[in-house]
């Protein structure tokens, strides 16, 4: 047996397991290369994103009416990139609001989000030289319980009579509660949910909606920061890579299944080894080159002898090592 | 008060709370405001409870101090290093300080860093299989019939397997639509290319339309759940509270 | 270090101490002091050193998962086995550390909750002290918050140890258990359900308002939604399909079968919706990956300065 | 105001009142709705019925009262099948601290039904255990995928003797060393935990199945069609499908080439939330359709007037 498989040959790289890490690495490289490439270049093209052009208009209208701009950076349990991204967009919004000295209200779902929100928004006011105008209570923690949060925010929307509302980030069921409440008082609404399942409701109830990926493109679009624009280009490369990989798969699979005449197999790959079949069977997508490439098989017979730890006492029920 | 009466009272209060929150549908009013604030209060209070009972106690405190042996389970040693999380957490509280607010970025940095690392870890686990599954054969492997012949009246498993393995023209066509949709949608989300070529323009526009089909379908299946929950609420109010609770029916 | 990561083994060492032993408490105390000292040191950090510190922390915490993913994982590892060489030593460490590290972020997030509560207090206490509009409601909020906290902990304490099993049967409940059950199960949970179910109303009004044959997009949305909704109505589905079976006289091979509502909606879901969502997901996933990279390597300038 | 404008501007409260009526009245008149189970549900039922007897199923139960309407039905259907086929069940939750208690209560209700009928009950510790709640779904799924023993280590469950003992001492988990020792892993969820679980546990050698709420359905379907999950029940329709399948089994008419014909449990108490709510759901959906149609007629009329 392969008992002396090198320790460098990690479990996740056995059979076709290497594809995953390799592919991930490739995407990361694409993104980083483009960030590097973007460097100073500021004039890189980004296609128009309707929702974002409406931001200034929305804030402007809020100022005319002298009513606050309300923002919700999604319902993530803790801070993650989605929250950061939402707050990046909101800091752009707050920047405009600050210049018009228009009140803002950011409703946070969890304490970590609240922490980052405070930090980021205060930053914005400082950069604009309006540190004294910043009201710490304009970034609020509402509740970390989904529907208490929903009740609280819709209460705020109605009482504060928000003129413009921004819902961006992770939204779930409550998305429609917010959207319809805001709609009922005639606020301009710009929304986006990374959850495809909620987008239709925003589409139904809001004025402008960023669909899926547009959310991540937003801050690049708004700020034209080379880093962001570069990474956006990189992301496009990644999407194309995915698309091409799929296309290659399409073609190779189509060929291997045998157009107009189904290929019959005489041997199949099982436990990471080719084994002959007693009677031929029609090939399936699991047997094709791509099929195997994207699905690692593990060899149960692969065993490795190691010396035992002298002072190790096994538990009464031996636990499997987590070599998963 | 007997347990039964208690349950009735509980139901009653539940119904009251429900009505209170529903009242916002009519307009924002004091009644709603009252229940809203109770809701927020209870929620935060409960958050403070579970913070210890569900998270910190087991994931942190028990690990710091360990545990003594209780019926059968051996004692576990305490690992003091965990206590270092307190000062790290405390740094977050500097966010309000004018001078040291940068320190709040340290605990946040740790949380964010972990999240980011995980993204790299999970990407392929999530999307690899989906890419694999999207590689559908575009040409039929059999032209015996346009549609998949029904296997309902077949008994021989081998025969059924044969039919299921085949790709019939209708399936091939479906696959073509599938792939077209996928690629159109992907192309719609290309941001950094100025779409000049006619073909790409067509793709992106149809991409947007196909998205709408997808969203329509989502809307449809979501509606089911939302209404179910309302129905369940109504069941609670009418059947559980009124019929079974008050009127004592079954 | 290995001893800390491999917490499974009961043996005592530098990293741990026996439950309740003075040694352990001493170590804990010292660690706490060291931590606080660390804070003071950081407070002195020169402003140009701050960003690098944060960058470093972020990088290291992200690095773990990256290593977990890329570093060769041990093949066929059995408990109690010793690593064969350096590579495996590291991979064993990572393997053992996994369970420990994954908990850290939730503990940290938990420790920050106080900030949220602080925010609540500052908003509502001010309102109460200044007798601003709705100060009464702020009072209600604070009272119910502290009330729930107190009740919650009291109930929890009463359920520690063997008592917990007895109290799983409501007949053994004491007053406090009832009070907690009333406020949590009776009020809070029901409010959750109420707020969740309120969406049904909004869906109706939103659909009524927005689902108009205005543009091509709106129409597409409307039509697909209707088809799926119909397919969810078993009765309609049954009649529709029944009618088709009538036409085909249950001929399983008739092409008409593809016009069955079940088939149409299934086709829509599997083919178009499935593909569309997948398309979105690929984009979003890559977006998240890119964002993750930028944050991990601190390439992101937060605050969106232009 | 012309008819068209009237139709276009029905006040919200009117719609709401009608909805309340429509969602309440049919609850009092039980009707049996004809129905055809869909493929994912059939596959779910099939895989449940083909589990080896006496094996253990791992259930991620991530629902609470707020989605009771749909999830409770799914949960009941699942437990009923496992109970009748005497398959053991280990329940954990990474969705909500309350979930384990909610699950225990739900099983208690089912057991009362059983007792009332004088049938065998589904007993804690011997037939099922609750491992408890794990904050941070990602971490939890990772840990389980990595090593169930360590993931669930130190978790206790109360025994019939009224003591608390390590879950791995129980008949349910005794033989479990790694996640692939479970005959099936089911996720009943109202949230994203389904995706999180798949991302991290798929490919660890355990079959996955899901019973999700209507919302999560579309998101979960790709996983079903890509074969990452064995079976899938979506929303109330899924529940109703399961309840019907329990009554009739997988019949020849359903021509499921994967399972062929699978028996059901005719005559047993298969009625659940599905059968209770499904007729009312019809009424509500109908109302929605009517509202949309009315709105569009209004638009149409006013447009024509404008011309």
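We call the chains A, B, C and D, going by the order they appear; numbering starts again at 1 in every chain.
We take it that a contact is a pair of C-beta atoms (placed from the backbone, for glycine too) under 8 Å apart; a residue touches a chain by one contact, two chains touch by 3 or more.
Predicted, not measured: the structure shown is a model, and the values here were computed from it.
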item: Greatest separation from chain D - chain, by CA centre; value: A
item: Distance-to-centre winner among chains (Cα means, whole assembly as reference); value: B
item: Inter-centroid spacing, chain C versus chain A (mean Cα positions, whole Å); value: 14
item: For chain C paired with chain D, centre-to-centre distance based on mean C-alpha positions, whole Å; value: 20
item: Whole-Å gap between the CA centroids of chain A and chain D; value: 27
item: Sequence positions of chain A contacting 2 or more other chains; value: 21, 24, 27-28, 77-78, 81, 84, 112, 115, 119, 136, 144-145, 147-148, 151, 159, 173, 196-197, 200-201, 203-204, 211-213, 217, 232, 235, 239, 242, 315, 318-322
item: Residues of chain C engaged with two or more neighbouring chains; value: 10, 69, 95, 98, 103, 105-106, 109-110, 112-117, 120, 134, 185, 190-193, 195-201, 203, 205, 207, 209, 211, 221-222, 226, 229, 232, 252, 269-270, 273-274, 277-278, 280-283, 288-289, 291-293, 295
item: Chain B, residues touching no fewer than two other chains; value: 21, 24-25, 33, 35-36, 39-40, 42-44, 46-47, 53, 55, 59, 76, 92, 95, 105, 107, 111-112, 115-116, 118-120, 123, 125-127, 129-130, 132, 134, 150, 152, 179, 182-183, 186, 189, 211, 214-219, 221-224, 226-227, 229-230, 232-233
item: Residues of chain C touching chain A in the complex; value: 9-11, 69-85, 87-88, 91, 95, 98, 105-106, 109, 112-117, 119-120, 122-123, 126, 134, 191-192, 195-196, 198-199, 202-203, 205-207, 209-211, 221, 277, 280-284, 286-295, 299-306
item: Touch list for chain B against partner chain A, complex; value: 21, 24, 28, 32-33, 35-36, 39-40, 42-44, 46-47, 92, 95-96, 101, 104-105, 107-108, 111-112, 115-116, 119-120, 123-125, 127-129, 131-132, 134-143, 161-162, 165-167, 179, 182-183, 186-187, 189-195, 211, 214-216, 218-219, 222, 226
item: Complex contact set, residues of chain A against chain D; value: 77, 147, 172-173, 184, 195-197, 296, 315, 317-322, 324
item: Complex contacts: residues of chain A adjacent to chain B; value: 19-21, 23-24, 27-28, 44-47, 49, 78-81, 84, 112, 115-116, 118-119, 122, 136, 142-145, 147-149, 151-152, 154-155, 158-159, 173, 196-197, 199-201, 203-204, 211-214, 217, 220-221, 229, 232-233, 235-236, 239-240, 242-243, 245-247, 249-254, 257-263, 281-285, 290-291, 294-295
item: Contact footprint of chain D on chain C as seen in their complex; value: 8, 95, 98-99, 102-103, 105-106, 110, 162, 164-166, 168, 185, 189-190, 192-193, 195-197, 200-201, 203-205, 207-209, 211-214, 222, 226, 229-230, 232-239, 241, 252, 262, 266, 269-270, 273-274, 277-278, 281
